[in-house]
Structure formats: structure tokens, C-alpha cells
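Take a look at the structures below.
Shared chain: chain A. Partners: chain B in the first complex, chain C in the second.
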Partner chain A sequence: MATQKGGYTPSLEKFLDSLKSRPVQASVELLISLLKRRQIKGSEACATATAHILLQVVARDKWTNVDQLLGRIQLIGRKLVAAQPHELATGNIVRRVLGLIRDEASEERNDATTDSPRPASPSLPAVSHASSPSKPARPPLLPSIGGSFARTQSMFNLLSDPNVILSTGSNASTPGQVSGASTPILNPQATNVSSLRSEVIDGIQEIMDEIKMVDEQVQTYADIFIHPGDYILVYQPSRTVQKFLTRAASKRKFTVFLVVDPSTTATSEGQYASLLKSMASNGSSVITVLNAGLMAYMSRVDKVILGARAITAQGGVVVDSGAAAIARAARERRRTVIVLGGVYKLSSESKLLSESQIEWGDPSKYVSFADGSLVSQVRVKNAVSEFLPADQVDTYITNLGAHAQENLHTIIADHYKEEDINFDLYGKAQR
Partner chain B sequence: MSQSKGGRGGAAAKSKKGSKPGGEEKREAALQAVACLIADDFQTRFLPFSLDKPRCLLPLANTPLIEYTLEFLAMNDVKEVFIYCGAHYEQIERYIQNSRWLPIAQSSPFSVLEFIRVADARSEGDFLRDLDGRGIIGGDFLLVHGDLISNLSLEGALAAHRARREANRDSCMTMVLREAGEAEHHTKARTKSPIFIVDPRKNRCLHYEELNPFQADRYVDLDPTILENSEAEARIDLVDAQIDICTPDVLALWSESFDYELPRANFLHGVLKDWELNGKMIHTEIVTEGYSARATNLQMYDAISHDIVGGWAYPFTPDCNLLKGQTYQLRNDNIYQEDDVFVEDDAEAIDAVLGRDTHVGSKSIIQNSIIGRNCKIGSNVRIINSFIWDDVEIEDDAVIEHAIVADTTHIGRGVAVREGCLVSYGVRIGEKLDIGASTVLSLLSHSRSPLESQPKVVGPQGKGARFLYPEEDEAGAEDLERLENSLIYNLEQFDIETSSVSSLGDDGLSDDDSEAASTTPSQPTVRSRLSSFASDDSGAPNFSSFHADAVHGLLEVLRGSVGDFDSEKLEFTSLRLANNASDVAMRKAVATAFVRRAVELMNAESSGLDASKAAKETLTSREGASSFVADVGVGGDSVSEQLEFALAVQRACVSSTKVIEVGKAGNLLAAMLQQMYDLDVLEEDGLLAWWEDARGKEGEVMPVVRAKCQPLIEWLENAEEESDEDDDDSD
Partner chain C sequence: MSTATSDPPAEAKPKNPEKPQTTPANAAAPANAESAAPLAAPKLSGAELKAKAKAEKQARRAQAKASKDATTGGAPAPASTGQSGHPAAESKGNKAKGKQDGALPANLGVTGRATGARGSVPTIPPKPENPIPECFGHLSMAKRLPITQADKDVHPTVLTLGQQMATFAIDESITRLKATLLAFKKVIDSYTTPPGNTLARHLTPHVLNPQIEYLSACRPMCFSMGNAIRWLKLQVSKIDPDVPDIDAKKQLCASIDAFIQERINFADVVITQKTADYIQNGDVILVYGRNTLVQRTLLHARLVDRKKFDVIIIDDPYERQGQVLAKTLTAEGIKVSYSGDFGALQYQVKLADRIILGAEGMFSNGALYGRCGTSDLAIAAKDFGKQVYALCETINITERVSTDSLTYNEIDPERCSSSSFRLLYDTTPSHYLSTVVTEISSAQPTSVSYLLRKLEDSN
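For the complex of A and B:
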């Protein structure tokens, strides 16, 4: 069911607006129910929301050492993933943030061991003072929250035992679990909490920027892949694909076959208006094709460009429903299939079966609910997404450039820590 | 408060357009999105399950109903919720206290969630009048019930409501209705079909009516003023989930009419009817996307469960895991399965929902069913179209078809639970028993007193007994009640036509159930007075009212209170022509009236006559009675007509067994026929033909009643022989 923007219905924008005014735990729960109700959907929206909520957790939750923070992020990550297991982007962002925290923590530890190999407890005041001057060096993107919290946190540390903080901490839901997993009390990391906090916040900000920049970065590769006179086939182009085409059109002249699912033709007109306009103004032509007539055009097509919902490590791609048939048709004709998507869509998740990646939606797209006999006698299934096996894709274009299937592993290794890859976000224990 | 508001509303409507009335009101409304949730609607449709638990806590696809409702409210960003509870309020309160909805819990999307108890409430109307008295509602609010399942976005409806409200302060309510096609649809309420007369240009609802299958007259009376609108549509294709966007005026209207109980049948109907008086307008918002339905009875429960498993209420599918701790995942073959479910390899499950820790034994088949948590299902069990709640044990070789089996029940080895059965909490069914279709088993009676176990039904080791529904005081509502309480919508078990008569009948006498079936094969008639009007279509809609009127008129004459048979004959004929009634209907009416009169005489308190005297009194006390019967009732001399009339008398006697014993009814029949024979209304041939006719032996009661006529027939046969002999002699 389509949710409208603005007004009463909750949406991503309203959720982000309300983040600062709400306790962190409440925001987490709200996000979970928004994901469950599919009021936030789509990989970009899910990734953005996840990044924001994790930023809030890092910035505003009380935590005294790295393990505690990691435990907290893992716990929330699992909840978010459980709320909408079909959106792999959520898990990706969680893993990215976990990796980020590990990186920053090990850096800090190195600093600490090289600079000041001192016993922990007497040094507490000194370190907290030392850490504050280091802060202005970084761009404080969330000065009000990050700064004030970091300070109160470090002041708090002066007076209280870390254990006490643990039990009075705002993460009321599972203090026990976190403390169980965390390391001993006199952890030198505790001293670096505030600087670590701002480092991690910066890192998450970077991830958020990256998500925002994906479209811009991906489209820079447009003129490499689209040549003058090409016949390009796209299926229900996402914003990323549309921008990609627009960019190419500004330099070259080519023809686009715009394939639209018959059931969505009514709404698609407005959706693709800007694409049509910019293509036309640059002299490229767009031909709208209904899904049914697809095969007839395939012999003319040079390249098929699809937007990914998620990309797995093995190269399989989760796409909008209907795209898999197109990819298969392209494979029959030996046409190039190009998949676009940000690196944040690249998932390390390997255990999942392709089948379970399909989300089944509301059948009313194809059968009207008013058709009583069909509704009661026939089981109608409407896939929201589909899984494209790796062998049907030739090239992947991310914000980092074009990749072959074999390279995906290296990108994953660059972005995720091994311990996070192995961490089972889909574990049933925490749900 | 509300009244003063109403006054202001009136003033604003009169003021000129340019002055923008109600600007401040609008802001207030936008801020306060209050939902009033009624968790109980004083109905007994979920008996016997609702004895132990309130309806809104019953599991639908293994999630309590109220969860869906609260999700729907949260989805539409409602902030304040007031819950009215009737029965079992403590359970509902406890449930909410422990849930994520409590505003203290940070997970709650609501800022206010309050329970309101009304001690002496007897209807939904009482709740709303109480709400008005409390004055907690300042602006527009949403009124929903605790058994609502919906994924609608109210955005559009709210905007339209506000716009209308601003244009005219008298538009006080917007009903959100879902289109569901004119054809049969399982999610449409079938026991009470709503009819909305709507002005399609303004979306204004002009008239509301409910029809049920037992209704005598299947037409809707329209006020002529409705036709003054340039357009009006009668909509029967709507699913009414009773999602109402109301203004405080609605509460004021409820308070004004203290006798309204139901929001639709009473309130909506009443307010629309009195439009000239109160000037309030009610609008509809008919949506074509999304899902909305109320689990008002078990049939709706069945339908909605299947809609949810079928994904129609997306995103509210089982794998949405609304409740904390749920872990449903969609597997192949459309099985929603939680963690730790164990299905043996050679067991087969299709289109099913399986709760946690449930074990399905080998070679078992589960089809189109919903099974709760911690159920133990043995091997070689077949469960089809059924609902098994939590902690149920089903032993090997059992069969369950289209039934509801509640928590902690035990179903023994080889038991067959047939279609439409309801097995309530804690019932134990022994081994190798066949629980017949539509059996209702419970440990408690409807007054919550424990029932003594019936070993005949549940076996010697079993626990539980047949559950009897409380009796309905309203005459004629019985069938509707029975239909609403059953899991399967099946009109075949009821006789629509005759039961509709019983709802109009005055003496509590209703006609025989098998009648409709047996009258349909139309008899070729040779009757000359059958004009071109007449048809043998007994299912014609106006037939029932003809019957009721005719019987009533005849009875009056028979009792001697008014008129005589000459004038009655005229009246009767005109009634027949006016209603285009068939011969069958006429015979039936005459027979019914006379038998009823006889029964009246027999049952009279002071001077109860015996059967033969009663029959004689009936047929002879009023002048012209017998000739009336001969002319109008029988209508001719042919054997077939006499046969038909005798049959009609027999049926009338059979249906009188509801007020007198079967034996007496038999005596009465014999006496009536004897008397008619004596009066030359019926002749030998006719009676003998009746005696031979197979239709008189159908059913259970018919032969019993008929048996009493044995002596009469024997006597007749002898008389015949004698007369034959006489003839011989004379030759």
C-alpha cells in the first residue's frame, strides 16, 4: 500500500525530524514498527534510517567501553533486521558501523598504548581533560548532542564507577546482556569514550553522506558505459538509474526502452516525467514498452540497466519484481546486463537462500480485492522483489566504480570486518 | 460542551464564506487525533470462546485481534487512545499493561492510552453517551472497534472530512468503507448486509439499511425526499469496517437519542432519517485500495484469517511479527513458520501458519490452517481449513475439517471433528469419536457455570459437553443468531422463506421447515381461475407478506371478532391478486389459519377442547367457514387439488408441533381431515391420494403426525369398499 508523504502518516522524513526530540530507545522502537509496517521501505530509506538511529545510539546512549557499545549496536541491529529481514541494506549499515567502531577503537588503543601506558584508574581525570582539546580538530557535525553528551559523560566518569553507569544507563532494555558481554571494569578504553564517541559519530556521518552521494557518484560512470547510438533497456528505473541515464544523455544520443509493468502504468507517467523531459531535451529518445511486449525488443537492445535493491557477496542481486524475467531474456540474447547500486547495498550475507529474499506483497496489484470469487478461491501472490542469480549479471557499478563479480569479495573485505561478517544478524536468540 | 459546540457550528455555517469560519477549530483538530476504541460490542457471536476471553484478545493468525487495531491506529499516527471495555475488562487491561502500547513504555506510539469503564453499560450507545458526558473529546476523533483489521491510510479520508467540515459545520461524520464488488465475497458481511444509499457527487450518505437473509421483505423503503437529490446510488458492495471519523457533534447526537444502541442500525439509520430535523450530514469515503474488515463473527474471523495469510492485509502478514517474540518466516508452499517448529519430513503442510514449538508428526497433512504455539500434532493427522489455537494436543489419525479448536484442548486418537465444529478451552475428546458437523463443545455454559461432561459426546475419558446458546428473546431472531454464531455460512440448513414468515407470525407458530423445498416443484394446475397473474413461484419476495396478512385476516374472522366469511372471501381474493400469490401460497395460508385456530381452541386455558371438538368448532362455528375452505382453500374438485390441500393441512399441523405435542398434532390432523370429509370439503379420493403421496412421509415429524390418520384412512377404505358393494348391489 502506498503511503503518502506529509500529513499524518508517519514517513522517513517525519521519523528523522522526530529523532532528536525523542529518547533513543523510543526512536528505536518507532523505527522497528515503521519498518514492520513498511512505512519506511526501499533500501535507501532503510539505510538512511538505520544510520541515523545508530548515530543517535552512539551519541546519546550511555556507554563506557567499546564492547558495551558494540553489544548495544549488535542488539539494535538484530532487532532492526528482524523487523524487515528482506532489506539487506539495514544489516549492511549495522555491520559498517560495527566495523567503524572496531577501527576507531583499535586506533585509540594504539594511541593510548604508545602515548600513555599508564594504569587506568589514577589517569581518569587527566585523560578526560586531554581528550577535550582533541575534539575541535574534527568537524563536530552534531555539536549540540555529541559535544554535550560527551562532556557530561566524561564528567560522570569522574565521580562514578563504570559499573554503576551500566546499571543506570538508558539502555534499560538489556543492560544485563551487554554487561555480560563486556570486558572487565578497569578497562583503559573507558577513558577514551568521549573521543571515541566523536570519532564514531564522524564515521557514521560519512556513511550517511556516502548514501546520499551514491547517485551522483554512480552517474559519473555513465558515459563509460553508454555509447552513442546505444539501445538501452531499463525496467522501472529507480532514481539512481534515472540519473545515470540523464547524465549519459547530456553527452550522447541514444535510445532508451522504458519497460513498465502494466499494473503500474497509471502512476508511472508522473514518476518518469523528469527523465523523459531531460532525455528529450538532449535529443535522445525514449520508447515506453509494456512488460508483455518485452521479448520483441530484446534483439535490438544493446544493454540492460537494472537498479539493485541489494547485492550479495556472490554477485546475486535483489531487484524489483519483474526484472528477473528481463535479465533472463537478456541472457538468452547474450545482451549485457548492468546493475547499479551503492556500495551500501553490497551485502556480506551469504547464508540466505535466494528464495527467502523474495518478499511477497499485497496481491491487489494484480487482482482487485473486489473480485470476490478470485479472492476466496485463488491464492494470488505478488512478489515485491526478486532474486537475480549471479550468472545473469555482467557488470556491477557502484559509487566506487565498475566491478566484475570476482571483485565483489574485495569490496566486502574493504568495508566490513570479518568478525562482523560472521556475526549472525539473523540469529533467532535476540528476536 | 458538545451542545454549545453544536450551536457554534450552526452559526458558523450561516456566516458568510469569506470570513473563514472555524480556523481555530481546524488547528485543534489537527493536533488531537483521538481514537476511541470499543473493545466489546455486547454481542455473543464468539461464544463459547468469548466466555473465557474477550473477543479482542482472541488470536487471529496467532496475534490477538486488538494488536491489529492498535497497529492501525499507530499507522495513522493517532496519539491518544481511549478504550472502552465491557465484559472481561480486567483481562484487556492486564494485556495492555503488559504490552508495548502503554505510554510509559518507550515503545508506545501513543501519548495517552486510557481505559474507561462504564459500570452499567448495555450497548455501544451507552459508551458513546458516557464519552460525551466526560468531555474529553475536543476535536475530531476516530471511532473504531477492537476487532478491526485494516491497513488503510486515512490521509485522504481525513483531508476530505476536514474540507467538508470547513465548508459546512453540519457534516458531522465520515465513514470509511471499502469496495468489495457486487458479487459474493467472503469478507463482506453476509449475515447483515449493509445498504448505503449515497449521493455519489457529494459522497453524502442518504439512507442506511441492513438486510439479513431471513428478512421477509427484501426491499428497502426509501423516503421520497431521497429522490429529490439529483443522484443517488444504492451500494451493497461495501465492506463496512466501522471506521468512523467523527466530530464531537456525533457524541451530542448519541446523547440526544438515549435509545440508540448500535452505531449503524440505530444511530446511522436514525440520524439519516431525521435529517430534516437535525440537519446533520454523514458522508462516506469509499476506498478502492487497502484492506479493512471487522471480525464481527466467526465467519468473518475465518475470512479475515485467510485474507491475512493470503497477503491482502499486507504489511500485516504473519511474518510481519507484530508481537514481540514472534519469529514468523515465510517458507516454501506458503507456510509461515516460527522458529523451533518441527515438521516431520513426510508430513505435508500447505498454506499454513505454524506457531513456535509446534510439532507435526509424520504423514500428517495440514492445509490452509492456522496452528498456534506449542501444539502437538500426532502422525497421520489431517487438518484442513481449521484454526488450532495454542497448546493443543491432537493425537494420531485425527481429522479436523474447518473447525476452531481453542487453547489447551485434547483431541484423542482417531477422532473426527467435522465442519463447523467449535471446541472451546480445555475440552478433552476421547478416542475414535465422530464429532458431527457444527457441534459446539465447551466446559462452561453460556452463564459461565460448569457443564457436566457428556460421555456420549466426548467419550468416557473426555471432558466437555454440548454448548447451548442463550435464547434470544426477540422472536424470529433465532435463525439469524444461529447463522451468526456458526463458523460456516450456510443457508441450506435454514429455510429462508418460512422462517421469514415466523418472524412475522403472531402466535409463535411457524411453518414447517421442509416446506420451501417441497413446494418448489410446481404442480401443473388445471385451475381455471388462475389468471395470468398467478405463478407458482413461491420464492417471490412478496409471498411472505401475503401469507402473514392472509393468515392474520382469516384468524380474525375465525375468532369471530370481525366480519364474516363472505367479506373475508372478497378480501382474501383481493389480497391474492394484489400480491400475485400462487395457489400454493393460498392453500398454505388457509390451512395455516384454520389449524392455528384449532390449536388456539385446544390450548385455551379455561376450556381446552380435545382435537375433534376443536376441529369441529373451527370449521363449523362460523357461518361459511366450510364453504370458504372448499372454495378458496381447495379450489376445485379434482383429486390433485384435494391432495395438495390435505398436504397443506398436514404441514400446518406439523408446524404446530412447536406449541403442542406431536401426538396432539396428529390427533388434530386426523380430526381436521375427518371434519372436512364430513363437511364434503374433501372427498375420499382426495384423502386416499394424500395418504399415498410420498411428500407426506418426508422428514421426521411428518410421518408421525400422519400416522394418527391411519384409522381414518382405514375407515375410508372400508367405506369405499362398502359403497362399492352397494354399487354392486344396486346393479
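For the complex of A and C:
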């Protein structure tokens, strides 16, 4: 998508450019449709877009207390996740931001008021059982929606009764939550909103920096794992994997079996040009492998390096379709399988992740729509991503270092709040 | 290739002055003839010509002999190719040496005739354009040997066949075997034993071997060709020297026909029927790419046995032959689901009841030599406890043993450049196959060696 210079094709860059000039709610809707149409795809792009949109929400939406903000983020998070449920990074960022807000809020309270645990505790049950009807912390959500509507439709608002808009807004997005009681925590926090806002914004910016820095940080482990003379097999390498190889090539001489996407064979040279160039200039060689089944190569391969789309707490990995077969072949020959991915890809979500979780995509990849007899008679399937079970991965390298499977839980615990982990981003949003 | 095209005119130049009367065809190069002919008097007498020709012939023979010695040096390979017509060792011979050897006699024959001083013409022309990665240097690759570089003894039918094999127009092992045998029939048909020789002694080294060398230079022989050629040589050697030429040839052709009928045609029918019996109503059958035997089996089960079943086709994205199969099957009312690559392989395998694989060959340890990707499929099938049937004519079984896919393999010549590399086959270990269906039996893959012995006894 990004390579098309057509000017009208939406992309992440264009979306980010347009953020400032657009009302927040409109940006949210735009992002949702971009995600749905897979015009923003790939975990890094999705994560970046999510972080940006949440930043806008925090910075530009009207909110008067923490719970209101949390509710707003949760709502948007659900919509984003529903737009592309296979992309776990979106949900991860939402959870990170939620955790961030909670952290900042509790700090603020510690500073400002003495009864800090009290406001935090009622929000707990509300968030963890999102479907339960008793939500003391929920109602503040309404003004925030009303607020955003008021912003986006300010002209309409001029002559209308604010209550009407308020109720339609709530009905459209969160029906059944009009329990309407005001909360006592509202007032003490109002004073801190602006400082909290800037803290949260800083926090989100840190997350965005982290996403940007992943490639750099991951590649510092390259020369530990790649040894001179190794034969490394990579499958449709992401930028992270490419940089990892490039870094290793600057110190070692080894051979890479580069498995490319069959449908892009013609363009693959351009796609991986910088990798090929830097590998060649350092004396390492790249063999572009045009095979789908790679069992044949496994007796020669030492290590398989895969880029993750997402990593689950149990160690399963969402990978590009086809990678699972490769990992299985590697297991057959007892080859090491290394998975690369930033911590932001590490997801606590385990609901949708079973072995059957497969994202199906555009069937015209291999079968032309012009081929009538195939199109009308044959059921053509093309998987985009699939799930790689934990037992076929040996080690995970994130920007924090290399981890064993058992460590992933602790990393998740470090990065997400328990209440956000339990928060069901999927179920409700699919209404 | 470039040298090949430039050769004829260059050759024509000096040749014309020497013997213009015998080469009316060379008038095609009139410019040369005009300039050269008046100068050099065409004074070579018939006797001189004869002597010259004789000398050349001897030189060529010596060359051929030397080359043969060179190739036979390592293993008893191509000279007695029957024993080892096969991808690796054979082709290695043909690749490293065979290429030069194959080209040299022809080239020298041509250039030597011309002047003799032109021996320095590049004799290894198309070598450097195919950079095979070092770690795969031991594997063989088909190559388009220009017809002009072929040995002059190669029969025209074989010449064509070689080109068809080199371009993969004839691809599957069993089809190649059949085509080879039919071509050899023609070779034998047009053969006459020179005076002072016997057919049994003369045919194999002087007529069959050049054909075989040429064929395996075009594309490394498959196991079945190796087996069949060994058989054919045995038949030739068995022929009684007292039998007149005509009868001997008839006898040979008849036994080739019988061989084709028995080991290929009937074998296919039997395997097809047997495998179709395994298919149950309501089954989901998973196949990989397109294999003639598998396709026939599915059609047989559908059209003859009237079974209802669905088919999942997993395809090799670089060949896409599965689409052809998909069309054929849907035309017969079979429900087909098609996947262009190995994405979601496990999921697809889970949906299937049986996996039917076509084999390019079988090793005596029960391993299957098949299209690259076959073993990935078989492994996934094993993971989910699905039945895996491997279909293979016994002629494809070799006595060799392979434990990994890089022992015997072939590189795709179309995709062997600095930016691409592709292996054509892989080896599936025997424990991933449930049943090997041959025309003799359907049994455990480990019983292949037993089958082989049984066959040898019967020969």
C-alpha cells in the first residue's frame, strides 16, 4: 500500500498526517475503516496507529476524571479491535495505555489525596466484569461521548438540546448503560486533569518511541544468536528480521536462505534490496529460495528466524501463513526456531488463539479472477496469518532481550495491569 | 548457446574451399564461398578426403573413449549407465565432466574438421550463468544442451526427447520413462549391425550409450529410467549372436512393448484401482499439486466407482499445476477446495480424511522421493493421524537409500540464478507414510526393499 504513489490510497502515513486536522471522533472512525479494509496492516503499523489515535483521545477529548478517560479508551479500543480482531497489537496498545492511565492516576492521587485506594477499587470490578450491570464507575463515560459529539458536531449542537445528543450518543455506542448516577470521585480529580493529561501523553509517546526502537533493540542480540558459518532460514522477513540479519552480517559471515512470498517473486528483489546489498557487502550470502515446502532444506539449515505478528503469554505465535509448516519442518530436524518481535506484540489475549486461528485473505493471490472455471467452481482459500503453537518455538527475542517461553508471563505482568488483562476487548465490541 | 549459433558459418568458411562439390548445402553461405573458393583450389582428391575423414573419425573415437574413461573412472556410471541411471551420481558425472565430455567430441568433431587450429574455441560455453550455491554444488540440474552440441550418433527422436525433458515438457518420472523406451524402440528399429559385429556386443556401447549420455546430459535420469535402461541392456546382451538382425530387433522391440505394457500401463491401472478402493463415500481427500496417477485415481473413484468425495488441493505456488487438476476434477462434479501455498497447512490437513501422494521414486529404505513439499504435507498428516498413501509403480523403486532431501535432488534450471534457487524434489522418511501402493502390493513403506528383491528375482 505504502509503495503506491497514487496519492489517494490511504496508508498509515496519510492517516497520521490527517490526525491533527480532523476531529478526534472522525479520526477514530477513519482508523476503524482503514483497519477493516486492511489498508493499515501489519502489527507495527496497527500499533503505531492505535497509539496515535489514543494520544489524540487523551489530548483532545474532554474528560474530567480518570474513570471517564478509561471508559473512553476502552470503548475506542473495543471498536478498533473489532475492526481487525486478528491484529493483537492493537489490543495490546490499548491495554498498555489503560495501564498507563491507571498508573499515572494512582500517582496523582497519592500526591493529592490521602484516600488513594478508594477511587481505584470501584473501577476494578467494573472493568473486569464489563458485562455486569452494576457499574459505579461507568456512568462518567456518557459525558465524554457527549463531549466528543459536541466537538465534532459543534454546529449542530448550537441549537439543540444537549441532552438529546447525549442520549443518542450513548444509545448508539453503549446501549444499556444509562444508569446515570453521578460519582463522588469526580470533583477531587478534576483539579488534576491537566497534569494527568500531560503525564499520560508523555507515557503514550514513550510507547510510540518504544515501537519505533524495537528494530534497533532487537538487532543488538543478532550476533549472539547468529554464528559464523550458520545457515539461517528466514521466511518473508519483516523489517525487524531484516535488520537483525543485517546487524549480524556486519560481524559474521553466514548464509541466509531467504524464502519469499511466491506471489511477489518479481518484486521481492526490490523489497529485500537493502538486505541483499548489505549482506553481500559483508561477504555473507543470500540464497533466495523459491519453494513452498522447505523440509528439503532443513538438513542444511541451522536456525530458522521468524518474525512474529503477535506472541501470546503461553508462547504461541501468530505468524505469516506458511511459517507454521516451516517451523514444523524445523522441529522435525531439531533445528532452532527463533521468533523476533517487540514487547508490544506480546499479548495476554488467549481467547481467539487456538490452532485454528487463521486469518483468511484475498483469494486472488494465486487464482486470477479471470479464470472463470476456477472462480465459479472451486473454493479457493488463501491464508494470511496462522498460529504457531508454543512447542515449536525455541526462543523469543524482544527489545528486552531473549526470553524463554516460561518468562513471557512475567513480561506480560510487567507491562499490563491485571484489570486490563482481564478486560474483554473482544466480546463487547462485536455487537 | 551463442557459440552454437555462430559455429555453422564459421565452419562453413574453411570447409567450402576444401570440398565444395560435396557440400551443396553450404551454398547457403555464398559470401564465404565466393571469397574463399577461387583462392583455395578445390584440389583435394577423393582419396585425400577419405584419409582425412578417417583420421578425424579416429580422433573423435579417441575423444569419446577418453571421455568415457573419465566418467567411468569414479563410478561405473554412464558407460554402463544401466546400473546407475539416476539423478545424483550420474548427473554429477554429467555435470562436472559429462558436460565437457558430451560437448567436446561433438565440438572437436566439428571444429577439427574445419581446421584443427580452431580447437581453442570455447568448449564450455554456458557454464557461468548458473551460479549454484556452494552448499548445493553436489546436486544436479537439467540444462538445455543445444542439439548442435549433441553427439552425432544421437538419434533424431532422442534429440527431440532430450529437448522435451530439458524444458520439462515431459516431466513426470513415469512419462519420461515411457517416452524414453518408445524412443529407444525407434533407435533399435533404425539400427543395422555393421559387418563384423554382433548386435549384442555392438548395440549397447555404440548406439545406446550415446543416446543415454545425451538424455542424461539434458536432464539427470530418474530412477525409473535407470532401472529400465539396465533392463534393456540386459535384454540386448541376452540376444543370441546367431539370430539375424531383423529377428533380434523384432524381439527387442516386442520385449520393450511388453515392458511398457506390464510395468507402466497395467501398473497404473492396478494402482489406480487399488487406491480408489481406499476412498470412501463422503471422504475428504487431500492431494498435493498434480500427479497423473493421483488424478487418475480420483477420476476412477468418481467415474467408475461412483463415489462421492471432496478434494482439497494444496498447490506449489511456483508450479500451480494443481489448478489444472482442480479444473479436471470439478468438470467431473467433484467438490474441490484449492490452496495456492502452504498457508494454514495444518488446518487443511485436519479437514482431510486421507492424503494421497504421487511418488517420483521410492528408496529402498521406504523413503519417498517426491515433489518438493510432499514431506511437509506428510508430516502434517502424521501429526493429525491421517492416512497417507504413496502411489508408485515398482519401476520407480531404486535400491539406493536416502535419509535427507539433499542426497538426491535436482535444481530447477529455470529458477537458478543469483536471485533465485529452487529444489525440485524432497525426501519423505518412511514413517510418515502409512501405505505404499504399487502394482504388486499395498504395504508398509518399509517393505519396499522386499518388493525390490522380489522384482529382481523375477527378472
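By definition in this document, the second predicted complex is superposed on the first by the 343 of 431 C-alpha atoms of A that agree within 3 Å, B and C clash if a C-alpha of one lies under 4 Å from a C-alpha of the other, contacts with A are read in each partner's own complex, and residues count from 1 in each chain.
Here is the rule we use: a residue touches a chain if its C-beta (ideal position, glycine included) is under 8 Å from a C-beta of that chain, and two chains touch if they have at least 3 such contacts.
Predicted model, so just to flag it, every value in this text is computed and none were measured.
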item: Fit or clash - chain C, chain B, common chain A; value: fit
item: Chain B versus chain C as contact partner of A:Ala325, first or second or both or neither; value: second
item: First (chain B), second (chain C), both or neither touched by A:Asp371; value: both
item: First, second, both or neither for A:Pro10, with chain B first and chain C second; value: first
item: Contacts of A:Glu29 with chain B and chain C, given as first, second, both or neither; value: first
item: Chain B versus chain C as contact partner of A:Lys381, first or second or both or neither; value: both
item: First (chain B), second (chain C), both or neither touched by A:Gly203; value: neither
item: Touched partner set for A:Ile287, first chain B, second chain C, both or neither; value: second
item: Contacts of A:Arg37 with chain B and chain C, given as first, second, both or neither; value: first
item: Which of chain B and chain C A:Met295 touches, first, second, both or neither; value: second
item: Shortest CA-CA distance in Å separating chain B from chain C in the superposed model; value: 9
item: Those residues of chain A which chain B touches in one complex and chain C touches in the other; value: 355-356, 360, 371, 373, 379-382
item: Parts of chain A lying in touch with chain C, wherever the complex brings them together; value: 231, 255, 262-263, 265, 269, 285, 287-300, 321-322, 324-325, 328-329, 332, 355-356, 358, 360, 365-367, 371, 373-374, 377-384, 386
item: Partner chain A, residues of chain C touching it in the complex; value: 133, 135, 315-318, 320, 323, 326-327, 330-331, 335-348, 350, 372-377, 379-380, 383, 404-406, 409, 412, 415, 419-423, 425-428
item: Footprint of chain B on chain A - complex, ascending; value: 1-4, 7-10, 23, 25-26, 29-30, 32-33, 36-39, 82-83, 85, 355-356, 360-364, 368-373, 375-376, 379-382, 428, 431
item: Chain B residues within the chain A interface of the complex; value: 33, 71, 74-77, 100, 106-107, 109, 151-156, 158-159, 178-181, 183-188, 237, 288-291, 303, 306-307, 310-312, 314-315, 317, 320-322, 325, 327, 329-332, 334, 339, 351
